[in-house]
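Paired with chain B in one complex and with chain C in the other, chain A is shared by the two complexes that follow.
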Partner chain A sequence: MSAHHSDPLQNPEVQQGSTLRFATAFLASVLFMGAALLVSQHKLPFLEFAEILVGLTFLTLAAQATLFFGLDISRAQIWKSVSLILTVPLFIISVGLTVWAFSSLYSRTMLPANEVPSMSMPMDSNATMSMPAQQTLLQ
Partner chain B sequence: MQVDLQDPWSPLFGRLTLDSIPYDNPIIVGTFLGAATIGLIVVAAVLYYKKLPYLWREWLTTVDHKKIGVMYIILGLVMLFRGFVDGLMMRTQQVMAVGPDSPGVLGAQHGFLPPFHFDQVYSAHGTIMLIFAATPIMAGLGNIIVPLQIGARDMAYPYLNAVSLWLTTAGAALIMLSLFVGEFSNAAWVGLMPLAELPYNPGVGVDYWMWAIQLSSLGTTFNAINIIATIVKMRAPGMTWFRMPVFTWVNLSTSIIGLTAFPVLGVALSLLTADRYLGTDFFTVGHGGNFMLYIDLFWIWGHPEVYFLILPPFGIFSEIVPTFSEKPLFGYLTMVAASFAIAGIGWSVWAHHFFTMGMGPDLNGYFSSATMLVGIPTGVKIFNWLFTMYRGRITFTTPMLWAVMGIFLLLFGGFTGMMLSAPAINYTVHDSVFVIAHFHCMVLVVAVGAFAAVAYWWPKVFGFKLDERNGQFFFWTFTLASIVVFVPMFGLGLEGETRRLDYVFNPQWRPLLIAEEVGIVLYCISVFYFLKMIYVSLRDRVPAGDDAWGTGRTLEWMTHTPVPFYNFAVTPQINALDELAWRRENGLDKVKPQTFVPIHMPSNTAVPVIIGAMAMALGFGMIWRIWWMAGAALLAIVVAVIARSFDKNQGYILTAEEIAKFESKTELASMIAEQPKRTPLDHVEAH
Partner chain C sequence: MATIAKAGPNTRLWNAEADEHDTISTRTFGFWLYMLSDALIFTGIFASYAVLSTPMNLAGGPGPAQVTNAVEGFWQTLIILGSVFAYSQATVALKNGSKAGVAAGILVAMVLGVAFVSMGWHDLAALTAQGNGYSRSAYLSIFFTLIATHGLHMGIGILWMLIMLVQIVRFGFTADVVARLLNLRMFWQFQATIWVIVYVYVYLLGGTA
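Coming up: the complex of A and B.
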């Protein structure tokens, strides 16, 4: 049983938190999110845009991990650090395989617009071409 | 940024109008009257016997892991029944609506359910069975048994435990409410995309589905945290990792899946929420959205979820088979390793649910072989159970019968799963009822595991055994029903019947559909025997001993039967794997502690029930877009949580004399007995 269960406020994890850090973490998250919104308003090449987004995500995560959760590499934090590290493979598997699966999905399942002669609708929206295009590809 | 709906909307009632109540549908009105009558009878009985204070003090506000577990299981069984009725309706619709000449009643062209209602029925069936029946029953069993198996007083976080229960209940209540107010989703338990998006589904059905699983998945995540913390931190002295019973091990692995996978569902649903409420384009087509991304996220959670469900039954079988074979479990270490291998593999196979998306041969190949890998640890488990039985002194009590049946079902489900995991086969049977038959074999393992566990541990919790005779009737009718429903379903799937049909176009399928209907009637008979079993057992109450089956091996059988509310009078010292078997061999199993030390117990609290009720109000407000209601409910939750952190109630102390008294007369201390009021402490020293 934990050492301090007489007063919740004496709990080491509660003791660790501070209003200032809480507020900073919150502010940082909002800032990075705002930055992402700003970036998304600009026309950027896709890859660059994705890189910036991923970068901002990591900054947010870092801000939250250090400021909200007070994560560091001290012995007292070992359980938190270990569990965080253990989730990394899951991120790699799920995000990695998803990126792989979706990176070529469009070219696999959609035909270039000029190869769909029968369609009379304008080609600027993906929605209008998904079904017939997919069927042609499967044949 | 909020999406404009064409429906009428008022600030006070949101989208809710009198038309939302389907009073013109005879089935729903009948159900409502039935439910209302039963509800009134229960309320009247509680009031008449003046049990309200008892109910409030001993159950609704409890933080005792056993009572919470019992409530989880009751919730699960009620929802299991609701889901069963949905299944009955689907089977009946399909046997009625075959071919163009089939008649229609109650406003349906064919059968008795118009497509719009049929779609709601199958969506509700899947959601309820997986999330609100199987999950709560397994969570409840873990709650009751894990602390007992590791010699703990309670879960690590008793209060959080109650919060989990009431959040799950809030989700279940929302689903039940959708029957009478508004409608339920028609986009299947997975949330078919883009069908679940606002333009295709402008009603409140999808919102009901979304908020119900969102709330309950929060509860499940908390419960997973609780189980992990309990197992890591609360083991009795001497209970080293490799002395832990396998049921405890699988609860650890399953909770790790729960903790890691459920957040993905939360994210997927939140993005869908943003699409439906704020008009974002995550999963719509156009503006760069991609609805396959939802399917991807859903199954990143969805596949781990099915292993989250199947692992606890593996643990249950691993307890029951040794007890009724009178031998230690064969291959304990491999059993533990296999549980974690299954959990790990479970995380990396999700795309086998959409091989047909067009990922290309490389990825389909990867996901196919990864899926097939899971057969190895599963096979290890099956062989371990078989070798445990081999040359054992087997008694076929009901729990053992269920366990053996579970092993058979696991084989059927596993082999057909292997077929499905080959993309070439999958392309031909994907979205056919072959898949339905596959996963029903698997989820039946969960159901069967639940029945096995309830029969096995019932005496521990309530002090008397379930009636064996009716239990056997229940078992055999259920088994027969499962065969008669699902064997024809494999056939229909191979013949090309697609899933989710409200109308079956091919009259040649009628014979097999009739067979399935016969099977569902057999299930109805098994429900009767289940109820009779409970009734007869409650009536007769043949007392059971501490080690109810006489051959128990693990720690929970060392507690009194029924378990006192404080579990162990003295925290046990653990000497071996299968502690009770070890003590029996060494002649120590009858030794009782003589001196007692005071026990520090947590006090009850009403905060979790309040949080649950407010969570339901929050969901209801969001579903009907009654913003003031949602906002007020959220505020109330925040206030309740903050208020609780200022609560100086530190639980109470059970004195040594009291324990001695309870130990000599355990009925007094039984978890269902009414306990005397206690004065809470306002300060405790660390201990």
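Coming up: the complex of A and C.
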């Protein structure tokens, strides 16, 4: 925590505000997201495309954290920086573990998508089902 | 034998040489922790989105490539980043003690925020009108949930700005008002951060995949 100031406008977080810093954050974010949009318009292998997007997203978020939020290791901001660094792995673990847990669930437990009759179509005698799908159901 | 000193009117239970308690920084740090926990709500929604955006969950309805438009999403990205920049400029005016500057920055941020929410609302309304509403499929349920949750946060931010405009006029730059303005700056910047992830994850990655 920072030192006490009787004038609230002298608080370090107020004094941290800077047009140059905020403009740089804005321009960097627009630039990186514009680059991401341009990349998405090209036919790239999915893995390569995903890697580029992850990189550009990381750059955008880093620019926002340091320039918009003003996170650094100063006395006024260090605990915000530390708490963010400790929380980011929770985000990654939450999404990553969920995706990993469900990645093979459908292939193990559900019918292939092309074997499932439409939701709007009632399951009657006209609804046909392939042999593998019937076997899967019977199992 | 040790003696136990009784607490009296002059007893001090803290280090007198240490920094005094800074109310504004304590409040902004508390709000920062709240925002990190709020971010975990979005994490849950992103995890659900990852699970429910598979072909199995489309139920014959449209998928990510049909309900998102990367170029339109980029316009929304520009608008929300512009809104955050405008609010950030309001806090630069706060540093200079300019009430008019703060009010102008907040007003521009509000207008751009309303434009952003309107675009999102229009997209969801158009999907619903086409028969692809919230309950059409599991995928559309999580898509609507994600966009609406972010839109709800934006709406709360816009309402908060309106309240701060009144407080600035009524109370001036008191410690309470300054702490709230700083918290609102973090909250508003947080919305842009979340939107960047939504845009990349849903509009670009999902839309292309």
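Just so it is clear, the second predicted complex is superposed on the first by the 87 of 139 C-alpha atoms of A that agree within 3 Å, B and C clash if a C-alpha of one lies under 4 Å from a C-alpha of the other, contacts with A are read in each partner's own complex, and residues count from 1 in each chain.
Going forward, a residue touches a chain if its C-beta (ideal position, glycine included) is under 8 Å from a C-beta of that chain, and two chains touch if they have at least 3 such contacts.
Treat the numbers as computed from the prediction; the structure is a model and nothing was measured.
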Per the overlay, which chain contacts more chain A residues, chain B or chain C?
C
In the overlaid three-chain picture, which partner chain does A:S94 touch, first (chain B) or second (chain C), both, or neither?
both
Partner chain(s) touched by A:S104 [first = chain B, second = chain C, both, neither]
first
First, second, both or neither for A:Q15, with chain B first and chain C second:
second
Across the two complexes, what residues of chain A are contacted by chain B and by chain C?
1, 3-5, 8, 87, 90, 94, 98, 102
Okay, in this complex, where on chain A does chain C touch?
1-5, 8-9, 11-15, 17-19, 22-23, 25-26, 29-30, 33-34, 36-37, 40-41, 46, 49-50, 53, 56-57, 60-61, 64, 68-69, 76, 79-80, 83-84, 87, 90-91, 94-95, 98-99, 102, 106, 110, 113, 116, 118-120
Chain C - residues contacting chain A, complex
19-22, 24-26, 28-29, 32-33, 36, 39-40, 43-44, 46-48, 50-51, 54-56, 58-60, 70-71, 74, 77-78, 81-82, 84-85, 88-89, 91-92, 94-95, 97, 137, 173-175, 177-179, 182, 186, 189, 192-193, 196-197, 199-200, 204-205, 207-209
Chain A-touching residues of chain B, taken from the complex the two chains share:
234, 260, 264, 285-286, 290, 292-293, 296, 300, 347-348, 350-351, 357-360, 363, 366, 645, 650, 683-687
In their complex, what parts of chain A are in touch with chain B?
1, 3-6, 8, 87, 90, 93-94, 97-98, 100-102, 104-105, 108-109, 125-127, 130, 134, 137
